[in-house]
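Let me begin by presenting the structure, written as structure tokens, before commenting on it.
Letters A, B and C mark the chains in the order given here, with residues in each chain numbered from 1 onward.
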Amino acid sequence: MTLLLTFIQKAIGQGVAILFGASGEIVTEKSGNLNLGIPGIMYMGGIAGLMGAFFYEKSTETPNGAIGVLVSLLCSLIASALGGLIYSFLTITLRANQNVVGLALTTFGVGFGNFFGGSISKLAGGVGQISVQTTAAAYRTTIPGLSKIPVIGTLFFSYGFLTYLSVIVAVVMTYFLKKTRRGLNLRAVGESPATADAAGINVSKYKYVATVTGAAIAGLGGLYFVMEYLGGTWSNNGFGDRGWLAIALVILALWNPDHAIWGSFVFGGLYILYIYLPGLNRATQELVKMLPYVVTIIVLIITSKRNKQENQPPASLGEAYFREDR
Amino acid sequence: METGNAIELKGVTKRFGDVIANDNVNLTVRKGEILSILGENGSGKTTLMNMLSGIYFPDEGEVYVDGKEVTIRSPKDSFALGIGMIHQHFKLINILTAAENIILGLPGKEKLNMKQVEKEIRELTEQYGFDLNPSQKIYDMSVSQKQTVEIVKVLYRGADILILDEPTAVLTPQETEKLFAVLRNMRKAGKSIIIITHKLNEVLELSDRVAVLRKGKYIDTVETAKATVESLTEMMVGEKVKLDINRTEPVGAEKRIEMRGITCKNKEGLKVLTEASFTAYSGEILGVAGISGSGQKELLESVAGLQPIESGEILYFSPEGTTEKISEMKAEDIKNLGITLSFVPEDRLGMGLVGSMDLTDNMMIRSYKEGRHFFADRKSPKKLAEDIVEKLDVVTPGVDTPVSRLSGGNVQKILVGREIASNPTVLMVAYPVRGLDINSSYTIYNLLNDQKKKGVAVICVGEDLDVLLELCDKILVLNSGKVAGIVDARTTTKEKLGLMMTGLTEDKNE
Amino acid sequence: MSKENVISKKEPFARMVKRDHISVGKAWAIRLIAVALSLVVAALVIVAITKQNPIEVYLGIIDGAVGSNRRIWVTIREMMVLLCIAIGLTPAFKMKFWNIGAEGQILMGGTAAAAMMIYFGEKMPNWLLLVVIFVVSGLAGLIWGVIPAIFKAYFNTNETLFTLMLNYVAMQIVTFCIVFWENPSGSNTVGIINAATKGGWFPTIFGNAYTLNVIIVLIITLVVYIYMKYSKQGYEISVVGESQNTARYAGIDVKKVIIRTMMISGAICGIAGAVIVSGASHTISTSTAGGRGFTAIIVAWMSKFNPLAMILVSGFLVFMQQGSIQVASQFGLNENASDIITGILLFFLIGCEFFINYKLEFRKKGEK
């Protein structure tokens, strides 16, 4: 029982980063942009937040957790939005191939994260691993009182604020896409930019805003990982392939952020299942670690036989729009 | 009725690369009139109107709306000026409802209240006599329903000037009448209407004045009352043209293709062709008429071996007297039997040709497999490409130019030329003159007639009923995937075909 | 918005227009400008981090890439690997099959090569072992490539994600194998395989350890070029890539072409894995592919699948990478600096294509 509780709790912890990434990618894809740079952007968001907190904590004798959170949040959002802006400029304004730009951005972003993660302490004149304990502790603060309730407390109230934020973002985004005017317009842009354009919607603006916002949201996934999951430190390539799983989750969630919520927790569970399955040796553990990918592939195959029109990807996904194209 | 000009264009020029689409065009639209813009395909009608709707921006010239000079930089600006355009290729989003499509891009309260919107739309549709369900998804709609959504979309935005691009191309004669009635209602309500068309009879029936464009240049605007088919044609083409198609009597007709009770389903599992049967004879042109999407594509593709068949059979009778069952065969198997079926598909650059490849490589689509060599032969395709360019007067820089660079008429000449080059016994063509100017169209009609005289069984899917009536020997009418009847083209009428297309009468006399 | 607002608005200053054609010289001039700009930006980044004179930094890069005989050969070796992967991806991408699973295909090929070296290192003559390595690693890559192709052909399963996920499955297979091949035990790495016997290593030819790498990759490049340009199968690949409808119309068996092409693509990537393991690193780990499967996509795409351009682009990228790794290590920074540099170069190279396809036009007022 306790083991199961811990498993669920850890699964949710693993899922949060993926959920941020998936939510960010969904809003991006709804504008017709397939951003394969999201994995890189998540690295950028993570390292920028960490650097922000690091320099803040270094600059003062008695660092304050709340300020650390604000500084790192801001740095993370700016860095990942910048990644989104590079992608947007190249694909929307310069109409470059989306997949190629995305892959280049991922190369860049992962390198960016690992480079600064590995070099920041040296550049700052220090030695050893960077760590931002005060800020990380603030990120890890749970709701006082509630988290102490047995079972329910562990299950629902034992997380830092970013976990709740990830769910809120997904829920708000679902509402935005389905019930608001701008959400409708955004969906139209992703389905058929020419139609949206003829209806008086500023296609480029929508694409830019959606892509940059999406990148910023995804970047929070990286921030969550370094702050709450790793506890305010960096490990090279530690974030691994969660960014790619986030992109896979978008398809499995059929472009619905609310489906992504439970989907991300399932992914999180599969990710750590090898720790909790009894009777595994080192070799078989490695095989169990394949599960998230194998499950993704299986679901991908099953869902490739979808017929319903509403469950298809946005019709213009991956294509650049040029009004005067004939 | 109001007086004065709703729109005035002065010296408008638009270029696409080296091509001048509109050259110093002047045009006026009066308030409360229906103005036809007449011109051949490629004469720049749509481009000109797209500059009013904000899709394109003019390179040179001035635009006046209600007497004031304006700058239309985007569709939004165009709406704000009260201009609304109904594009030929509908600008609708399939997965959204009619109401959602109508309010797209409009300002208003952030939270959507679809019930209120739908109520407003119902009021509007009742006022003009439309039939529309606002909560229906576009992908569930017929072509004419989609057009209704487009018109309502423009009216909902409060447009005073409506531009319709080839609105009747996809409608039956009866639906066209209904549309014209609605347009006349709108004129009565004081709206200005511009209708782009190349059909002369519609111009004469509906409009107050006609403006004519030719090869991007503005020719003149005349009162419809003073115009005739002949005078308009001459303005449009620039020379006197003989508009008759020389139809000969079929000689020695033999059975060539017999389709028996063919049923096909599409990807979604819906029947697109139900129990279709017909016979095509050598030395005859069999026309196929129907509302677009009634199964024309599947009819041809199932003969060509490109469409999986649920039930039924297709037989081929060779000139030598043998009979082959070609249903359940793929295109390749049919070819391997030595049967030459030629097929000019509707989607020229998406199926018949590869746009980014040059003429030679496009010739290879039919011939690359020849020979046992691992490497492909490019010499004879090149020769064939050169022959076609010479014989059919294809305008191209050379045989190594990508076909997508060529104009629509030249693309079609290359495709038809290649298909005829294999000396087929059966030639199937879908919408052979769509997008072509009059001279190219007549080149194609003549090619079809030549094939007919050589004893080829020609099957021709068309959209212009007037042309089908003049060109074909028999006409097969499709109505939602069923064969509504096969009639003699020399005796039937357009109205009768229209009724059969919509399933209002059935006529089976073969 | 009222009508007055529209009237008072300024005309757009400049508009973008698609070019019909551009001379080869002009296109290359634009690319050269982009390269120059990217070098300036990359220099600024390096200077910002290292606070060194930019000229010295660039001298450092040149020195790092081609400063000694050994460095030249390492640069050539890395360039050949990148070229080999890009060439391997070419048939798939020409078919518009988004094979982003080269990483996995390389890893599978590399693992197969490592396995052959470990199990047969002393059991057969080296030339035979090398032949076995090429065959088996090609097969391993082929299998990894053909799985998503089969599902694409029969169920239209999204190949981008499928091939991507297979990369990670391949990584797990590598870690699984490392458990058994660990050397020394407890290190969680395989170490240098057959360090003493050099069994399964590429032999030294003309006094150089990497001659065989160059020969193999150039042969593959030439064969793929001829295959794509002159063979019937190459023609089929182009038609399928441009339009599946046209392919059906032409009587091409689309499923067969997809599967066959991915077998070729996967096999070449698998052989690239063997070139890395047998011909360079002599070990296997999850970072054997090291992101080159992704970079190669960009190389192939930007070169428009022209092999000569691929040699240039991969040469340029590897030159800058090797150079920046050297500069970074001089300052005690980590080697990921080269990814940042690569990213910047790619952004400029990708972005400059716009100026080749489009031009800006300024509006003239019409005169009457």
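As a convention for this text, contacts are C-beta pairs under 8 Å (C-beta built on N, C-alpha and C of every residue); 3 or more make two chains touch, one makes a residue touch a chain.
Nothing here was measured: the structure is a model prediction, and the numbers come from that model.
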Farthest chain (mean CA position) relative to chain A: B
Between the pairs A-C and B-C, the one where more C-beta pairs touch: A-C
Chain A and chain B, separation of their C-alpha mean positions in angstrom: 46
Chain A and chain C: spacing of chain centres that average the CA atoms, whole Å: 26
Chain B and chain C: spacing of chain centres that average the CA atoms, whole Å: 45
Sequence positions of chain B contacting 2 or more other chains: 16, 76
Residue list for chain C, restricted to those that touch at least two other chains: 15, 17-18
Touching two or more other chains - residues of chain A: 324
Chain C residues within the chain A interface of the complex: 15-18, 49, 98, 100, 151, 155-158, 160-162, 164-166, 168-169, 172-173, 175-176, 179-180, 291, 294-295, 297-298, 301-302, 332-334, 336-340, 342-344, 346-347, 350-351, 353-354, 357-358
Residue ranges of chain B in contact with chain A within the complex: 16, 53, 55-56, 74-76, 78-79, 85, 87, 91-96, 100, 103-106, 108-112, 137, 139, 153, 267-269
Residues of chain A that touch chain B when the two form their complex: 179-182, 184-185, 187-188, 191-192, 194-202, 307, 309-310, 312, 315, 323-324, 326
Touching residues (chain side chain A, partner chain C) in the complex: 36, 86, 89-90, 93-97, 99-101, 103-112, 114-115, 118-119, 122-123, 236, 241, 244, 247-248, 251, 282-283, 286-287, 289-290, 292-294, 296-297, 300-301, 304-305, 322, 324-325
Chain B contact footprint on chain C (complex, rising order): 1-3, 5-7, 9-12, 15, 17-20, 230-236, 238-239, 242-243, 245-246, 248-251, 253, 361, 363-368
